[in-house]
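Both complexes below contain chain A, partnered by chain B and then by chain C.
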Partner chain A sequence: MFNAIRQFINKFFRNIFSKKKNIALGLYGPPNGGKTTLANKVCMDWLGEEMGTVSNIAHETREIQIKEEISLEKNGKVIKFNLVDTPGIATRIDYEDFLKAGLNEKEAKQRAKEATKGVIESIKWLDDVDAVVVVLDSTKDPYSQVNITIIGNLAARDIPVLIVANKIDLKKSSVKKIQAAFPQYEVIGISAKDGDNMDKFYEGLFEVFK
Partner chain B sequence: MPHQCVRCNAIYDDGAKEILKGCSCGAKLFFYIKKEKLAEAKKIIENPQLTEDDRKQMEEDVFELVGHEPDSDSPVILDIEAIRVLKPGKYELDLVHLFKGDPLVFKLEEGKYMIDVVQSFKRLAK
Partner chain C sequence: MLSLQFVPYHEIEELGSARRVKKLLDIVKQDNIVLLQGRLKKEEEADLIAITMEEIDNKFKGIELAVVNPDKKTDGIIRNVKQNMVNLLLGDRQGFTIIGPASIVKDIKRDPDKIQLYTEEAKANGKGNSVKGRKKGT
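So, the complex of A and B:
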């Protein structure tokens, strides 16, 4: 009995004096917007290693991936965070889309099931992130139900948001269209693949964490 | 509120013993349907293209999706307003519903309690 009380008191004080938990930065967005490509770029720039695999087939990331303790330095300022790469959020997941991409039926159905679970996980994780980078494909129409629902919900939860218009290396890219769709947010055009405009992106992160 | 068996289409009202113990056909997955959505749900479940294997596969998929042991005796009730399984590998998700954080699945254990599986997931993840 005494042991139990002593253990409880030790644990209580250990928790009080343990260092504050790192802030969590979530990467959110529809599938194939480039969340993992951006996560890899950030990890390469600041940790020297990649985070996850990327693919042209949608829903490549189907589980939450976390890279801990990334230290970002800019003009003598430092921010430390855990980077949370989330599965793409979609309203419709159809294994036939994966068949067209070359998977066999069994693989396609498995991927659809895992992707559906991934959407649920991503949404659930919103409770545990402190700030969010919404990664959008700047070659696509920004007025989609997924984009509007994600950004609307982040606003309702008072979570700081930075919007990234990714894939500016592609001809069809239009950062302006995304800016016009979400005028109340800062939108930064980048190419996570080529590393274009990453400086601006890191500056934007400092603003989000202010 | 009606509950419809995914395998044999039988509809049961709240509190029916089949919902607590499993349908007489042996299935343990029900769609939870508000009365006004009943017609839509019927369309999914009564789809003549769904084979017996498809229905069993849908059951297994949903069990895996919500982290439920398939051998467990307790049935699972999926809220079709949040997630629709049209056939194996075809899913429709209502993001507004999911973002609201409403229970996705009502899992009845020992025939008495409704457990929010999404919340249980969260606890496991931490």
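So, the complex of A and C:
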């Protein structure tokens, strides 16, 4: 009962706030889940241009990237938002992992340093987003504490959440595992790279912004 | 050799959020695995990650973290309300939290009520050290 009242009050104020400015839609998740690939897909679909670079090496996105004024239209309804692509959240960053990925020592140390700052920025931005898409790699174990901490923090702040199980184009993908790990949330399986199931994803966004 | 340090909840109970996180991180930075009774607040877990990032250097590579919580869904509404009140007043003492230095703990695999802790040698052998939690209570 108390939670319902609190959510109503938060939603009320968020609605007032959203009339003053575009709402901020954050993309959150662990590194290499496909946040920037999804951001690029959304931007290509609705703005005709990409947002950032993607790479197989973790922590490619090390700064917050924002694409402003994206308008999504469906069945006469329109939602406008600023898309906030955040660096992947991790609990460990070892420059030696970047050495193994082929960077030289100087590059690896620099990347590690920037990656730590990126994680801190992502966590700070939890207070500035109005809704969040949590992007998880559906080929990986969903029970990692990073996933649980991100989603727990969003719940504690009453921020609406949509979970995306990305990389359904890969053989090892299991959307069901992610649904089982977070049964209280809607989970939509997509391939941001191939654009599979994006219609369902956009429908999910409309639900999040309700 | 693995060094495991048990931290009862009362040891962090009186501390503010920043000092709680610092205390736990200081233990971990001395190459100990912390076994904390109960759990941090959700915001403190995020703070723990952020402060860990600030402390990372060539020697300290970060942490591995896992929280094992009893399944609250099966407890019933009244019991959950009671438990939430107790948590609000006294802190969340249910379940436990494991925090290990990334240089020692390579991975923590987690099911809802079981965790497997992989150390460097154990991972090379494909075997984890298993810690099983109970579903209800502690």
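The criterion applied here is as follows: the second predicted complex is superposed on the first by the 191 of 210 C-alpha atoms of A that agree within 3 Å, B and C clash if a C-alpha of one lies under 4 Å from a C-alpha of the other, contacts with A are read in each partner's own complex, and residues count from 1 in each chain.
Note that in this section a contact is a pair of C-beta atoms (placed from the backbone, for glycine too) under 8 Å apart; a residue touches a chain by one contact, two chains touch by 3 or more.
All values derive from a computational prediction rather than experimental measurement.
Chain B and chain C, once both complexes are superposed via chain A, clash.
In the superposition on chain A, A:Ala155 makes contact with chain C only, not with chain B. When the two structures are aligned on the shared chain, A:Lys77 is found in touch with neither chain B nor chain C.
By the touch criterion stated above, A:Gln145 is placed in contact with chain B and with chain C alike.
In the superposition on chain A, A:Lys117 makes contact with both chain B and chain C. Of the two partner chains, neither chain B nor chain C is touched by A:Lys171.
By the document's definition of touching, both partners, chain B and chain C, reach A:Asp94.
In the superposed model, A:Lys210 makes contact with neither chain B nor chain C.
Comparing the two interfaces of chain A, the one with chain B and the one with chain C have residues 89-95, 109, 112, 116-117, 119-120, 123-124, 126, 145-146, 149, 153 in common. Those residues of chain A that touch chain B in the shared complex are 89-96, 108-109, 112-113, 116-117, 119-121, 123-124, 126-127, 145-146, 149-150, 153. Residues of chain C that touch chain A in their complex: 41-43, 45-47, 49-50, 52-54, 56, 58, 61-67, 102, 108-112.
Across the interface of their complex, chain A is touched by residues 57, 61, 64-65, 83, 88-96, 98-99, 104, 118, 121-122, 125 of chain B.
Those residues of chain A whose C-beta lies close enough to touch chain C in the complex are 89-95, 109, 112, 116-117, 119-120, 123-124, 126, 141, 143-146, 148-149, 152-153, 155-156.
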